[in-house]
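Both complexes shown next keep subunit A, but they swap its partner, so subunit B is in the first and subunit C is in the second.
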Partner chain A sequence: MTATPTPAQAGSRAVVPAQTRKSAARPAGPASARTAPAAQDRPRRGLRGPAAGRAFLLPTGIALVLLIPLAAAFPGDGSWPAALSVDLSGPLGRAGDWIIDHRDSHPLFLHFFGHVSNAVVVAVRAVYVLLLAAGWTGVTALAALVACRLAGIRLALTCAAAFAACGLLGMWVPTMQTLALMVVAVAASVVLGALLGLAAGLSPRADRLLRPVLDTMQILPAFAYLLPMVLVFGIGVPAAVLATVVYAAPPMARLTALGLREADAGVMEAAASLGATGRQRLLTARLPLARPQLLLGVNQAIMTGLSMAVIASVIGAGGLGDRVYQALASVDVGAALAAGIPIVLLAVVLDRTADAAGRRLGAAPVPLSEQHLLRRVFAGWYGRLLTLLAAVAVAVVGRMAGTTAWPGSWTLSLAEPVNSAVAWMTDHLYSGVPVIGGTADWAARFTGWILDPLRGGLQAAPWWLLLLAAGALALLAGTWRTALTAVLALAAVGVLGVWEASLDTLSQVLAAVAVTLVAGFAIAVGAARSARAERLLRPVLDVCQTLPQFVYLIPVVALFGVGRAPAAAAAIVYALPAVVRITVQGLREVDPAVVESARSLGATRGQLLRQVQLPLARPALLLAVNQAVVLVLAVVIIGGLVGGGALGYDVVLGLAQGDLATGLVAGAAIVCLGLLLDRLTQPAKEA
Partner chain B sequence: MRDTNHRRPLRRRRGAAVLAAATGLAVLTGCGAADMTRQSSPYAAAEDARTVTLSVQSWVGAQANTAVAAYLLEHELGYRVDTVQVDEVPAWDALSQGRVDAILEDWGHPEQEKRYVEGKKTITRGGDLGVTGHIGWFVPTYFAEAHPDVTDWKNLDKYADRLRTPESRGKGQLLDGSPSYITNDKALVKNLDLDYEVVFAGSEAAQITQIKQFAKERKPFLTYWYEPQWLFERVPMTEVKLPEYTEGCADDPEKVACAYPHTPLQKYLNTRFAQSGGEAADFLKKFHWTKAQQNEVSLMIAEEKLSPQQAAKKWVERNEDVWKPWLT
Partner chain C sequence: MNATNTPAPAAPDTAPGTAPDGGPAAPSVFSVNGLWKVFGPDKAAAKLPGSADAGLPAAELRERTGCTAAVRDVTFDVRKGEVFVVMGLSGSGKSTLVRCLTRLIEPTAGSLAIDGEDVLAMDATRLRALRRHRAAMVFQHFGLLPHRTVLDNVAYGLEIQGVARGDRRAKAAELVAKVGLDGLQDRRPGQLSGGQQQRVGLARALAADPEVLLFDEPFSALDPLIRREMQEEVARLHHEEGRTMVFITHDLAEALSLGDRIALMRDGRIVQLGTPEEIVGSPADDYVRDFVRDVPREQVLTVRTAMRPATAGEADQGPALAPATTVAEAIQAVARSGGPARVVDAGRCLGVVDDAGLLAVVAGLPAPTGRGVAA
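Our next item is the complex of A and B:
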């Protein structure tokens, strides 16, 4: 069966940029974790897993017991030996200088990057001018009409309300700037991703070649590759668009490849036996069959692109992200929120619309009746024309009324109430709360009792012991190949000469992941029991996930003080929704028959949960762990902006000082850490 | 099936058209050279206006300069002004490429000055801003009054215990700000042999939030800070005396053991803009105000939470005699 998203799944996928990006795009594991029948196909695997794990744990435990005294015997071996590291600062610094000096004269820049950059500027400007010309009436009307055609009146009203809210918040022009940038970036990523996916889906060799590249790009925090973009293209829109494309194309490529590879063999055989040529088979059978995945890919490209919109403001993307960033400079959380809300709204609108389009097209290849098909084709052309005409008419009316820009008097100020709420919160929670202590105390305890020992332990442990431990853990999770990747990734960190900083980052990630998982599983178990709790939770999760992290970074500082604690707190806020969602879904999909039979055998609720639901939901739980790790890593890096230090600070420093040597090395180390963590937590692979 | 068969010839034609368009585009653009450094923002001049792009740095003083300059450019000279927030060093790069037309407040970047002003000549000096900047180490005044000897660096070690935080690895905490700011603090702590750890807040917003939080609790702290800065009005701070600054004492970044200098803040313009920017370039060259005037606007932005535009409007309405000469 192809993984056609049921409405419920598609719904839960809504507005989940990062989670679905990873989960939907990873071919084997999640697809089976999601769809209930597939999960039932291999309950045996699920149950055998922990047993096999236990069998492995014993020797590992013994090995650790033997190794730890050994480690104590060589206390000097704590950090990575200098002889084994390579200092890249010289060559990288020279490379950076060379680029700056030759950017306006070297043919590579004049004849290649220059044109790329020009094309981006021209395209973004064209879209932007069009949006401005349409005016707020035209844009809102078009969005509402398209939504109405695709999904009906409810979505249309949502769209209109969302755009009106952007205007009401006084953010019309920045919203249009971001929209223009997004349209170009998403279009480019969809084209690029589809081409790559086509190659990977049709040729196994291209797939083998592309797979590791796409794997790496999925775990690469966006912050890490802004610097090379800036260096080549300079501050501004081209660099921002290209960074977004690099970020948003991989999910599209993966999903395209997945869709093509999963094409029903029977249909392909039938097409071949009818004498269709290879091209015909591709165009008439394979691509139409892959439609659901293609559309999911477009959806993913949109969501990842939007989540990049704010981060790209650090390199001068302008638009909403820039407003968020500027507001934060004066510690104005309210103004930052006013610019952040339109981003959330854009995400909701685009996601729901793409979702609706997906469902419509996904249903198209199997028409229920002749009349249905006719109506679709007819309504298609006619309706499209009608939509466009109506939108143009509204735009013209708007222009005649003289309101292309959002009227200045129709704005609401959100900043003041939000700021006073934040001030109240930080005043009252920071310290002196009876019994549980204030947030400052928590932060101090979290840092002193968890982060410090963890960091100290990791940094004091001999490097070879850590390599061995990484290898052993990876072997437990996967195959020897996984173990090799993990060990090499960790070793690369040492070779790059950022061993200490990387372990510092690692300790923050581990601590934050632990908290995220404990809290996430607890919430999920509660939410899975009652539909009402889940309904209440959903909007909160949506907002947590799409709200740009920059908006809550600063209030977090007010609560927890500067340091690693606020970075960890922000990471937890960001990763929690994904964990909750995946876990709830996993628990839900446990076969009701199994649950019922266990209950009839007299299992209590606790027993049911521990012995039936959790073991059966194991693939989902593993996926949740994997997601938590990757998401937390991304935010811990951004935590460099609030005193998280370590690699995050290096990346921020590299960007701020245009220092390629520091920034790029830290970026590479982050990639390695990401690879390591991803491999250690990869959901059970096909053997 | 029928549906797709029906569409096939159309698709082929469309494919051919796309191919032709792509080839045409390649022929049109491929031969010529495209200089990225002469490109403007796609959002600029979207409606046929004369446009100026100003760089805003992340601190509020810079926002105040830009807001007032932008207000006057828009309302007195009829320009459209775009602002971009960029860190200091990348801003130089952007200025050199013409992505921004002017930086209004620079705290001294000798390396960049050598590369772009003297070397590539893509950036031109725009004269003094009129404000003198000073970086230093500060303690809150309530703490300095209780312990007057803390204002000499030699006594700082005595207070290291009281300035310890979870992040300072058992030493006293010296709070630093954004990594983009000019700082010698790590070298200073080492060379003056102080029992302190430099903790980077990572951004100015985080640093200000932390300082305010400390002040609310009346806790002692030691921080890297700079004048002019609006926060002094809210959290009075006293400077800690470091070994005196002498010409050239900070030339070797590894061996620095002296205070930061007093820097007359500078304006810089993109060379092409300076030559052909007309009224706007002339105006920006003449833009010149005092520390008190800048702080007035900064405070309105940061404390009264006015938008920079509103703050600039208020200030411009009250100070016509100050800005009139800039326009002549």
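Our next item is the complex of A and C:
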């Protein structure tokens, strides 16, 4: 991968670019001139100055006046008062039962959801059959040829090797299942996202309507999307595909809208000055100008789509995710790894290919005569045809050789050696290693010294105090509205009756975020200082950021067993790359003139970091915190699969036992927690 | 034609009408009368022109009404074949004014006509036709499509008009050669230098063969050397084709060297409109005087300003100079001959310039008494 931080790389995870671009996405014009200074000093507002004091004290006072009588009316041991909660399991259960009963008879299902579901099944089936018919030879050849056309021989070899590895591990069929599901879901989400983005990009009103929805959708953990789909479609491929579509469409929509809105005003004016009609302006100027963002959107849709397609195995997606899920359920690390490696390979190959496609379109064309012979052969439209023909030819040859399915004798069993390695690790590394202790000891200590006290503290704290704290923190970070959202979100958790479980999840999130930030900032400061460290780190971060959340569970189970500590560990590992990357970028982008002048005044390295770099990189640091919180929450919830307990477990349990009410309530609580955490850490969002 | 020895009146309309080639005034292409552009809330903006608040300074106006008047009551004519320069510092409203001419920005009040046809009354179709065929614009930041080649960028205007692919590419290739970009037609704008990009912008504007070319600070983003080159290019084009041009700039030297007539804007108003010589030689107010203070007068002012009536015998000896000769050139002639030189127009002696008169112009002193000729 090249050394320049392309947007595609910086934003391989859905939320990152969307958040980074939020500031850039503000509409230009006189309005921005008015809001800009306000936005700049808002972060400081709660901290300094007499006006700041008033703005902070007043709402706090009001909140106290409102909350103290409530607290007096519901004394208790700190838990949410039962009288203020609503038990939704009855009505939700009945609604779930009603839907299950009427799925085959009600017109809404017959004439709408039924058709949607059938279409999805047919589409996935068709792609799957096509992939199987092409055989492993055809699929591998097509992937390699496409990669070759886009990026050259190296990526082509990587592609071929990745697919061959999937076959070698005995995962050819599950890989094709996942791929089929993904192709359909990503295609649908790209179309849906592009349409929504078109609306938001062209009409300010649609933008005002859509933006908060898309913003919120991007911070929600993947798990929150599963249950509503199951409620409507039941467990199976349609629910999995549609959950993936819903999860992968927002980044595409956001980036499309962003690209259209940010089209160079000068170019648009030039087009108008030449007498272009509205349609001509859109087709010949605005859309082509947005092409980089559109491609980035497709890349994002692919990566989030893969991530979700794997997680959706919990609701019947089948394929690789399902293998991992089954293996994790029986703590069979070897089997999980055998299915996890193809996921990783798929992610890397897809990301590189999509990235190369974007770069190729953005790059200057090389004159035909200077191109490599191989490239020259595959250039132009006939090159496309040639690619397809070559792939078909290979597929036919493969079929004639009688090897449509991956030959069974060519597989390599990874499970047993891995399992014996894990067993060895369990015996030797879990505990009793001199001086440093074992991994299980660490996990136990993390649980006993950090997670338990934190959970105990949160659960013992009076509920109104927590509400107050949430409100105050949100006010510090943002505006009145932020505070209100945060308080309402936390209160909703209590009303839903999952106060204890939510605080359990919250304690895991807080602990994991703390570790992530400490480690992330430390690594980033080091990497920003040494170009060599950053060069070493970058490819690792690139790969880490493309991996689906699900695969992070595999190594932590191997290392730490099951429980809350592994879930937190997975979350930390998952969120770390984003934090490091954003922080490094922030430190790097500090105005060199300021750094130089500080150095000329004789500042030491430490002084430089403390007094210049960190303060100037403040926006990046705040963004890193926000990302850490959102990403950690997503994985802590999934950690319910490996003994993380709390809300994630409720969702899994709800799915496993068909107890939709429990799952839906937990899902709603996850949404609330996501909102709360995002608002607490989102500095000075648009007012 | 007489040069006056009274200061040029401030009212733009009454500026002495010397057409570029000295002939009678050509028919006007753009005719702008009492044009206003007020930014701000629609209702308040529409009420402003002609109201009591209209004369307020910008800051006060903004406070009182929430509006910004970018163009205030501007009146001028652009004559066929001339280079009409609108000059002013940033924020003086000149870019807004040029955009009003093709309604890229909708004027708030006033009247505007092209070849006698009311532009403000045009419907969308006629307005598009105006932009496609009659007035083309060159932008400060080029406004090129980054994903298209040079050739396709030049052909873009024709594509919008619906010209067939082959025709428009042939025409575009011709123009690419004309602006000196031969061999670069397959590059993308991103691969070109600023000057080359602006040549593409110029070629694109020329492709539609428009009646008027509008330039919005076209060379401000370029390096000084490239800027000079491009100015010469525009002068050459104007010389070759005689196309009408409206040229916006904040660079006085550029305005003086290119403009047949210059409108100097300040706070949305035209403070003086006249030939470069009138602007430099008789500034309408202190603002203009301050503006042109550092201009080398001898290179702008002509012998018309410096001459005095010929005394007996002078009318037929000494070197002959055309009335458009600059003072700097006259100094050379006078120095070489050692005596006064005659100003001759079509065989008739208009007057005489001597070293005293020329030096007075260079020093910025009031003109020698009796300047100008009644003959």
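Note that the second predicted complex is superposed on the first by the 539 of 687 C-alpha atoms of A that agree within 3 Å, B and C clash if a C-alpha of one lies under 4 Å from a C-alpha of the other, contacts with A are read in each partner's own complex, and residues count from 1 in each chain.
What we mean here is this: contacts are C-beta pairs under 8 Å (C-beta built on N, C-alpha and C of every residue); 3 or more make two chains touch, one makes a residue touch a chain.
No experiment lies behind these values; they were computed from the predicted model shown.
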Three-chain arrangement built on subunit A, subunit B and subunit C clash or fit: fit
Which of subunit B and subunit C A:T284 touches, first, second, both or neither: both
Which superposed partner A:G93 touches (first subunit B, second subunit C, both, neither): neither
First (subunit B), second (subunit C), both or neither touched by A:P615: neither
First (subunit B), second (subunit C), both or neither touched by A:L132: first
Touching partner for A:G526 - first (subunit B), second (subunit C), both, neither: neither
Which of subunit B and subunit C A:S273 touches, first, second, both or neither: second
First (subunit B), second (subunit C), both or neither touched by A:R564: first
Dominant contact partner of subunit A by residue count, subunit C or subunit B: B
Touched partner set for A:A329, first subunit B, second subunit C, both or neither: first
Minimum C-alpha separation between subunit B and subunit C after superposing on chain A, in Å: 5
Overlapping contact positions on subunit A, where the subunit C interface meets the subunit B interface: 284, 288
Subunit C partner contacts - residues on subunit A that touch it in the complex: 30, 264, 266-267, 269-277, 280, 284-285, 288-289, 291, 364-365, 367
Sites on subunit B touched by subunit A in the complex: 1, 3-5, 8, 11, 29-30, 33-37, 39-43, 46-47, 56, 58-60, 63, 82-91, 93-94, 97, 99-100, 115, 120, 165-167, 175, 178-180, 199-210, 212-213, 216-217, 301-302, 305, 307
Subunit C - residues contacting subunit A, complex: 39, 102, 104, 127-133, 136-137, 139-148, 156-157, 159-161, 186-188, 190-191, 201, 204, 208
Complex interface listing, subunit A residues touching subunit B: 100-101, 103-104, 107, 109-111, 113-115, 117-122, 124-125, 128-129, 132, 177, 180, 230, 233-238, 283-284, 288, 313, 315-316, 318, 322, 325-326, 328-332, 334-335, 373, 377, 415-416, 419, 426-427, 430-431, 440, 443-444, 447-448, 452, 553-554, 557-558, 561-566, 639-645, 648-649, 652-653, 655-658
